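As structure tokens, here come the structures.
Below are two complexes that have chain A in common, paired first with chain B and then with chain C.
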Partner chain A sequence: MDIETRYEGSALLAKPLEKRLDAGNAPAFKSHMVNYILEDHLHIAIDLSEIEFMDSSGLSALLSTLKTIGSRGKLVLFGVGRNVGKLFSLTRLDRGVFEIHEDKHSALQSLNKAI
Partner chain B sequence: MARASLDALVMINAEGVVDFWNPAAERLFGYSEKEAIGRCLHTLLASPKDQHLALEKMPEFARTGKGPVIDTVHELQARCRDGTLVDVELSVAAFELDGKWHAVGVLRDVTEKKKTREALGDALHKAEEASRQLSMELASLSELQQSVLPALAHTSCYVSARGLFQPSGLAAGDYFDYLSSPGGGLRCIVADASGHGARAAFIMSMVRTLFHLNENRNRPLSVMVEQLNRQLLQTVGKQGDFVTLAIMDISPEADCIQYINAGHCPGFFRDEDSMTEIAATGPLLGVTDGDYPHQELACSGEWEILLYTDGFYECRVRNGDIFGYDHFRELCFSLMGRGVLDVDRLPREVAASAPGIVGFEDDLTALHVTGRPESGAKRL
Partner chain C sequence: MEEPGKIKLTIPCRLDHVHLAGHAIKGVLAETIKDSELVFLIELAVCEAVSNSMQHAHGCNADCNVEVSIFLCNSELVIEVTDTGAPFNADLLKNKQCHDPEDATCEKAAEGGRGIFLICRAMDEVKYKSFADRNILTMRKTIKPTDRDGEP
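Right after this comes the complex of A and B.
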């Protein structure tokens, strides 16, 4: 799975370059994210703007990332499209579980406050 | 050129006597050119089992230039000077010179190639065997999983329920169930574990265990759901696995339906006045600790509820899009509005409503519950 990464100060920006985050690529995505965390990147913003569809496996990979970071750092999401946003709202993960931001600027601001 | 060849080149006459032997043949078989030329090739190189047949066919070759190995490529074992047998690939062509037939053979050592091929064949066999065993395990799991789901529709004076379970693979993370409760009521559930296959099926078995636990039968829904949430947090909570569910207590005596929707796709409720989505009342299970209070729907007329899993609307259509929740809701509202919703036909209805549907990739589960005229419903 292709993930574009770059650094903004101490924060890692990760952008999966796929249209779907589902059972087919969620394990690879999860594995990449765990590697970043093991490399001590504990403040991560995931840009989901390329993702048009996400299923429960994709959601599970994001939750796994969130739980692996735990209280040691912070995970924020931005670039959430209509379909993916619907999944977050149906599952109520947009209410106190995932921190979802309108744009990169807002996501980074939130991360920088936590660093 | 023949002398420079990396492959062994050997030429024999119509009697099978060697009249050309290149340096590569020397290296492969250990006989020098001087030792080989003038000797019968088959006596020199053929393995004991091939020697008799080869000598037997030589008169025919001398007459016609034809024989079982002419114009073919095949593998055999040849005997070296030191008596060892070497695996070689042999290609043979015949030609006529001065009215007499000759044959030229190209021989290549394929010992390593053969070993690799045998190792690959062995690995393939082992992989096939492992796959067969895994398929058997999954089939057994699937059989068990289907056997614990309600086999018959539920019918009482007040309420009827009918489920559909169509796994995408051999084992599934979907679940539906119902249990009769005192007074003609019903407790019913539709749940979906994240992911697919055996892992999801294993997680789902935890849901079923708690749903059927005797102690839980008379407990409020919130107690059972919170208990399940804690169990999931303890067991799979760190790994990102989760369960969504919609669970309901239908109690005709109290003329109400209590329900909890833990991050599950909205159920659809129809009564004589309206059509409503039963949205999530709390987050999915296995992620955060918290309370899951129930909500209520009042019943006072004819009503029906459809609970289902997301496989119905996450199916892919031809242009790469998904069918989508909005289309699915529109379809179900239409079927319920006309009073023609048949849960067994729901996958076909979805497929028929979007001509470009490629196929269902996820498990499909649905539960259709209808209330008799004595009960009815309207939203509190």
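Right after this comes the complex of A and C.
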């Protein structure tokens, strides 16, 4: 799975370059994210703007990333489209579990406060 | 003999093929349904059902197949996902609230197990039967006139 990464200060910006995050590629995505965390990137913003379809496996990969970071750092999401937003609202993971921002600026601002 | 209007797909049990079922259902519905959120929810239900069959019934054995049949007649959409693997506990369908994490926190939220919950939320009726070495998940959705393409 292709993920574009770059640094904004101490924060890592990760953008999956796929249209889908599903059972077919969620394990690879999770593996990439765990590797970033093992490299000590503990403040991560994930840009989901390319993702048009996500299923429960995609959610699981994001949850796994969130839990792996735990209280050592922070994970925020932005670029959430209509379909992915519907998935978060159906599962209520947008309420108190994932921090979802409107845009990159807001996401990075939140991360920088935690660094 | 196939029923008229019924489309059937046979997909090898490989998780990197799940998206093919998604693309197929989206393609079929694109001609009929204009509500993109509804199309997404139906695609989601189909992909969850197919990946459940591949993973839990067949253990992702690529020598096995999962069948998806799609039947759209007037206002009723019926999708069947059939496998010949190990059956799952149909009681899971009775609890539509499972993994509905009201007031969840990161610590409490389970990493997985939301597939059946999402299928039940996306579709109007979900039934499961297992007989003669075949497991069939039947999902129904009523397509309202306002959801249909070209309807006022």
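Just so we're on the same page, the second predicted complex is superposed on the first by the 115 of 115 C-alpha atoms of A that agree within 3 Å, B and C clash if a C-alpha of one lies under 4 Å from a C-alpha of the other, contacts with A are read in each partner's own complex, and residues count from 1 in each chain.
Rule of thumb we're sticking to: a contact is a pair of C-beta atoms (placed from the backbone, for glycine too) under 8 Å apart; a residue touches a chain by one contact, two chains touch by 3 or more.
Computed from a prediction, not measured in an experiment: that's the story for all the values here.
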When chain B and chain C are modelled together on chain A, clash or fit: clash
Touching partner for A:83 - first (chain B), second (chain C), both, neither: both
Which of chain B and chain C A:63 touches, first, second, both or neither: both
Which of chain B and chain C A:72 touches, first, second, both or neither: neither
Partner chain(s) touched by A:105 [first = chain B, second = chain C, both, neither]: neither
Contacts of A:53 with chain B and chain C, given as first, second, both or neither: both
First (chain B), second (chain C), both or neither touched by A:25: second
Chain B and chain C footprints on chain A, overlapping residues: 23, 53, 55-57, 59-60, 63-64, 66-67, 83, 86, 90-93, 95-97
Complex contacts: residues of chain C adjacent to chain A: 15-19, 22, 36-37, 40-41, 43-44, 47-48, 51, 54-55, 99-106, 109-115, 117-118, 121
Residues of chain A that touch chain B when the two form their complex: 19, 23, 30, 52-53, 55-57, 59-67, 83, 86, 90-93, 95-97
Complex interface listing, chain A residues touching chain C: 20, 22-25, 53, 55-57, 59-60, 63-64, 66-67, 70, 82-83, 86-87, 90-93, 95-97
Residue ranges of chain B in contact with chain A within the complex: 173, 192-196, 237-242, 244, 263-266, 279-280, 282-284, 287-288, 310, 314, 320-322, 324-325, 362
